[in-house]
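Here the chain labels run A, B, C, D, E and F in written order, and each chain numbers its own residues starting at 1.
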Amino acid sequence: MKLGVFLSEYRADSTILQRLSPEKLGIILVGNGVYHAAIKEKGQSSQILDLKANFYALKEDLETRGLDASKLDSRVKPLSYGDLVDLIFNEYEKLIWM
Amino acid sequence: MKLGVFLSEYRADSTILQRLSPEKLGIILVGNGVYHAAIKEKGQSSQILDLKANFYALKEDLETRGLDASKLDSRVKPLSYGDLVDLIFNEYEKLIWM
Amino acid sequence: MADVKLAFIVSKPPYKSEVPKLGATHAMAYQTVEILLEEGDTVTPVLCYVGDGVLNCLKGQKAMDIYGITSTETHLKNCLLVDLDVYVCKEDLENFGIQEDQIVDAEDMGAEKKLQVVPFETIKKTVEEAKHVLYF
Amino acid sequence: MADVKLAFIVSKPPYKSEVPKLGATHAMAYQTVEILLEEGDTVTPVLCYVGDGVLNCLKGQKAMDIYGITSTETHLKNCLLVDLDVYVCKEDLENFGIQEDQIVDAEDMGAEKKLQVVPFETIKKTVEEAKHVLYF
Amino acid sequence: MGTLTIGLFSALVGSMNYDFALKLAEAAVDKGHKVNLWFSSNAAGSPLKGQKHLKDYSHGETPLRKLIEKGVEVCTCEACSLARGVNKTNAIEGVQWSAMHWYLAKIHGSDRVLHIGGE
Amino acid sequence: MGTLTIGLFSALVGSMNYDFALKLAEAAVDKGHKVNLWFSSNAAGSPLKGQKHLKDYSHGETPLRKLIEKGVEVCTCEACSLARGVNKTNAIEGVQWSAMHWYLAKIHGSDRVLHIGGE
């Protein structure tokens, strides 16, 4: 299963993702989910980034929040709305918004 | 400080309450906050109930959710909307909804 | 002519948000969708309660008496009456110590169908077999 | 003739909810409240950012360019321009590794007032001294 | 008898915070207290009149009109309502229209304030 | 080129999920895809016409009309809208009115479905 997950919150319960353990998992950080890509707490990156997945963060939502798209955690790839459309149609068959 | 806190969610970050540590703290469980009074996880009561506080749960919101107001954790006192009005005016000076 | 399988996953407790209720009502709509589809096309949703979502399934909800709105329990009964498959995650029920006799049934309305308490593995398989997932 | 002190506590990050923004705009309204009060009566809010709420204070927010809506940064600048006391919790900024030069100022608009980075103890005292608390 | 001001930020339908606020206001008025009710954020969409009372949904119009009759002062944030398409011509009669300072002024004269800021 | 159906449950103003959904719909249409947009829950309050465009608030009416012009099919849950006081006479023209099966029927014919159930 190729599952694309939109994570739109900073404090979200994402245990369902480990439980579903899809073969291919893409985590697309949007809305306040983008803090996972750009903010550390006590020097530690978000645990979300430890999941076995491809990570993306919406540039527009980073910039809205004063976060620098060029200074993300190295595991996260910034993308635009246009890139997101291609990602949805080309890489992932099922989508979840959480 | 006499602080009355309305807790309306089941998964809420309530660390602010420990940080504020008021002399008198009342925690009024309303909405989905009432699960703290009636539901255990892995046999354990909610950690909220370990705070040094007086606990109340709104009967109407318990019954709405199929929870039995007569089977609450012994630390929690069920009350009605009418009781709540008296509590607000007589027991607590400042109110927080979270 | 095709059947499209959908997984509806409800993960939030009832009432604090309209969303869990709408999981049930949107799934129920499968019953009338044929009027908008080509001959022979169908949609088959499976409604799955996981995590805190299993709290939707407690019986005895008095939302109508108290707040004048249809309870989530009534929506679940209606799901059973229209023969929808409704799964409730066994492990999550156990986590809350909820027994099977505490969850909604529609026996009083003459439904034979029941909520099906299933291991998460079954819900995972439902998601894998579905063409689309709707996460409530 | 009385002054009523209010503590506005913003604990949520910006944009995922309108609520944190409304903390700033409601606090700012103290400036015009006298038209509705008796002579000599005043309201004095202190706007406090704690927990994830300190993320509201990051500068460089491009909400207007991208989504066409006023940024939380702009609202904060307006608060400083109307001489409101705005506290940002020191411990919570440190938790996120946010430096003082990364938080909003209104120097470009000629404001002398700045966001005040204070220990939580100061915010606690603000809550204790306030007559009412508004938790956003 | 005291004065309670409730600030409500939640939408008419959804979280049931709206139902809570209206029930609390009624309980307080019935005990002889004075109640003020301020709508901002998504609650500012709720003064729209002509709400159809369907049993699957929380309903605001009827209880709100009843509260106003009982002397509860209800006011909506004008800008918040206008942005949502609600204006004086399509709104429930008796709801007041003002800016955020109305809320602060009512708070000034209140014994208790319950600010329901959740969405 | 594919078909994307977006189900949107969030209010016009607040979470910015609404802004996200409209921007994603536009980006998909501009790349030649077919897009369907379903409003339920608090999004069903958003077809109300006459929204004043104030810069402090998310605005839906203008971008929504533009999407409809570009061929996006937009439909609101009739019961959800009526409960909120929005009906065919005060709604934005071009928005369709139907029951929840509209959404399921569109999903049947879609390559991708993004169900934005958050509030």
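Here, contacts are C-beta pairs under 8 Å (C-beta built on N, C-alpha and C of every residue); 3 or more make two chains touch, one makes a residue touch a chain.
The structure displayed is predicted, hence computed values, not measured ones.
Chains that touch both chain C and chain D: A, B, E, F. Note on connectivity: the fewest chain-to-chain touch steps from chain A to chain B number 2.
The chain with its Cα centre farthest from the Cα centre of chain C is D. Centroid analysis (C-alpha atoms only) places B farthest from chain F. Here the largest set of C-beta contact pairs joins the chains E-F. Taking the mean of the C-alpha atoms as each chain's centre, chain A and chain D sit 29 Å apart.
Separation between the centroids of chain B and chain E, computed from CA atoms only, is 24 Å. With touch defined as above, residues shared between interfaces to two or more other chains in chain A number as follows: 8-9, 11, 13, 31, 60, 95-98.
For chain E, residues touching at least two other chains, in rising order: 13-16, 41-42, 56-59, 112-113, 115, 117-119. The residues of chain C that reach two or more other chains are 15-18, 25, 67, 132-133, 135, listed in rising order.
Pairwise chain contacts present here: A-C, A-D, A-F, B-C, B-D, B-E, C-E, C-F, D-E, D-F, E-F [touch as defined]. Against chain B, the residues of chain C that register as touching in their complex are 13-16, 52, 55, 58-63, 65-67, 71, 73, 95-97. If you check the complex, the residues on chain D that touch chain E are 2, 4, 6, 17-19, 22-23, 25-26, 28-30, 32-33, 35-37, 41, 43, 45, 132-136.
Looking at the complex, you find that chain B touches chain D at residues 1, 3, 13, 15-16, 19-21, 94-98. Only residues 9, 11, 50-51, 120, 124, 127-128, 130-133, 135 of chain D touch chain B when the two sit together in their complex.
Residues 7, 9, 40-42, 99-105, 107-108, 110, 112-113, 115, 117-119 of chain F are the ones touching chain C in the complex.
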